[in-house]
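In what follows, subunit A forms one complex with subunit B and a second complex with subunit C.
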Partner chain A sequence: MNRRRGKSLIEVLVMMSLFAAALAASTTTLAALFRIERLIRRDIEQAAVLDRLSQRLRADAHAAVSCSAAGRCELTLADGREIRYAFASPVVTREVHGGGKLVHRDGFYLPLGATVRFETEPEASGTLIRLSVSPAEMPGAYSPPIQSATILSAINPNTDSIQRGPAR
Partner chain B sequence: MPGDASQFVTCRMASDRPAGKLGHHQPRHRRGMTILELTMSLMILGVAMVAVVQLLAAAARQRQAAQQRRVALAEVANQAERISLVSWDDTAIEKLHNWQPSAALDSALPGAQCSIEVTEQAERPRSRQIRLQVAWNDSAGLPVDPVSLTVWKFAREDRP
Partner chain C sequence: MKPAQHQRLRTKPARRGSALVVALTTLLIAMLISGLVFRSLLSVHRQSRTSLQQLQAHWLAEGAAERACSQLQASSAYAGETWRPLISPASGGDAQSGVAEIRVERPADSKQVHVTVDVRFPDDPWQRASVQRSFEFAEKSPSSPNKNENQSSQEKAP
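On to the complex of A and B.
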């Protein structure tokens, strides 16, 4: 009767070690799953923000008559209004100034750890604004890599080019 | 018959036992079953884990493919901006053939093929259809659906 009571120590140990192995494996898998989910969500958010920003920037640049990009980007429109793009981590702001006062402001939120640079790039027949998004250098800090991106916008193209077909 | 009698006795004894005592015989069998059951459940868990790991790998591949497509889309859009600065005369078929892929495209899609195709529309308004295309192969070496963007240029005097 004594032998029939409960389970032996060996059985419990084996059971516990198998259970621990199963638990460890599922925890690791779950952690990887959450990490990938977070990365993909951030990628999608970044792509959506950059898409909106590039549409705005290109529309503004095409309508602009002059531009200066030193740290931030200032575009002057034909009607005298000024559009200023500036980056203060993690947001790119777009401000429209007309008649000496602020008329409109937009914000484009990028993932933490991204830096944005505005530069002008002279071409043979005009000027391009180059907006570069790159991961900030943070030594020692762990963060999944930000995806770099570059948006080129033509300043006041000579409007030989009128329309675009759908991108596929 | 003696056999029948012993069977009868056994049945009686079994039926006379309280329910709790009947259970005492069962652990003898279950002692082996515990490990067997656990092993089977672990095997099922292992199969499920293999499936999940494969799903994870597929998700990572999809993420990379999406990123590659995004880089290709950005490349054609940037090239369209460059072309919008070029004058009508410089977009002739024989002049518009150099397209230097950016460093971002080179690193994300090594071996990508960038091509420009210009189609002249002779009738008025005179225009050129400029088709930009980036084609590349996926990690398995199979060609993917290329990304393309079309820009129209109109002669200055024929602009709508």
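On to the complex of A and C.
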């Protein structure tokens, strides 16, 4: 009886093609998984940083008596202290100056590819400060751009007239 | 054929191709698992984008409430408005806009004004986050800092 031993060339070729296809599929899937994971991490970090920045900016704007926003934002408090917000990619810095000295500094790290703009908008009886976060022009960038965001807050609003209560 | 060889051939089952079946099954299971992980990651990604929209709607509601206060201080005849602040351009140069509907109600038997702010962001009928804020505003009486009565805030997922 002539029993065949080993594998034929066709069997080996079929197996090699199957393994190559499986390897290509798993490599693509893994690359996509890592990419999505990076995007999720970036979005979550952006939301957390912007939330913290929003709270700070809103509190500072409410306490300020005047504001100027030309490139960077300068808020003057009633006691003479100055709070300066500036953006140098990828960080928004908040500096408190009092008596000509730097008293305090905070840093808010935004994702790479973000750009920040400070503007003021005159209102009927005051001023609104607008902080805009938008994706920077990055030709040839591979990852999708960050989400835009805008924070609006009034300078020195008369919040005593607002009667607040517990959230429903 | 010798009897011993014949006996071995009868007891040993045909196993040709069994390794391929095992390998293919393993690969199929692995691909199924990675597909599930991929799907769940996509869903988390979509959720993180939605939470950013909710945050933006919340910031717009805060800004709209402060705008309403500013308008009420400037003019007691202020009756609300539909405010459409422009949000920074998203990718591709399209500007996203949110809508803040400010409603002012003046009860006849009260000096307080009831202000309701409804915010939708983005201004899209299908995918949007909405936030509602309402508060009482003491008109022309800044010396009434009773800050614990009626304010509500409701947030709705799209």
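Convention: the second predicted complex is superposed on the first by the 156 of 168 C-alpha atoms of A that agree within 3 Å, B and C clash if a C-alpha of one lies under 4 Å from a C-alpha of the other, contacts with A are read in each partner's own complex, and residues count from 1 in each chain.
Following the convention adopted for this analysis, a residue touches a chain if its C-beta (ideal position, glycine included) is under 8 Å from a C-beta of that chain, and two chains touch if they have at least 3 such contacts.
As the structure is a prediction and not an experimental result, all values here were calculated from the model.
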Subunit B versus subunit C as contact partner of A:135, first or second or both or neither: second
Subunit B versus subunit C as contact partner of A:55, first or second or both or neither: neither
Touched partner set for A:27, first subunit B, second subunit C, both or neither: neither
Partner chain in contact with A:36 - subunit B first, subunit C second, else both or neither: both
Which of subunit B and subunit C A:145 touches, first, second, both or neither: second
Residues of subunit A that lie at the interface with subunit B and also at the interface with subunit C: 1, 15, 18, 22, 25-26, 29, 32-33, 36, 39-40, 43, 47, 54, 58, 123, 125-126, 128, 147-154, 157-168
Contact set on subunit B toward subunit A in their complex: 24, 27-28, 31, 34-35, 38-39, 42, 45, 49, 52-53, 56, 59-60, 63, 66-67, 70, 73-74, 76-78, 80-88, 90-91, 102, 104, 145, 147-156, 159-160
Touch list for subunit C against partner subunit A, complex: 1, 20, 23-24, 27, 30-31, 34-35, 37-38, 41-42, 44-45, 48-49, 51-52, 55-56, 59-60, 62-67, 69-75, 85-91, 96, 112, 135-139, 141-154
Subunit C partner contacts - residues on subunit A that touch it in the complex: 1, 15, 18-19, 22, 25-26, 29-30, 32-33, 36-37, 39-40, 43-44, 46-47, 50-51, 54, 58, 117, 123-126, 128, 132-135, 144-145, 147-154, 157-168
Residues of subunit A that touch subunit B when the two form their complex: 1, 4, 7, 11, 14-15, 18, 21-22, 25-26, 29, 32-33, 36, 39-40, 43, 47, 54, 58, 62, 123, 125-128, 147-154, 157-168
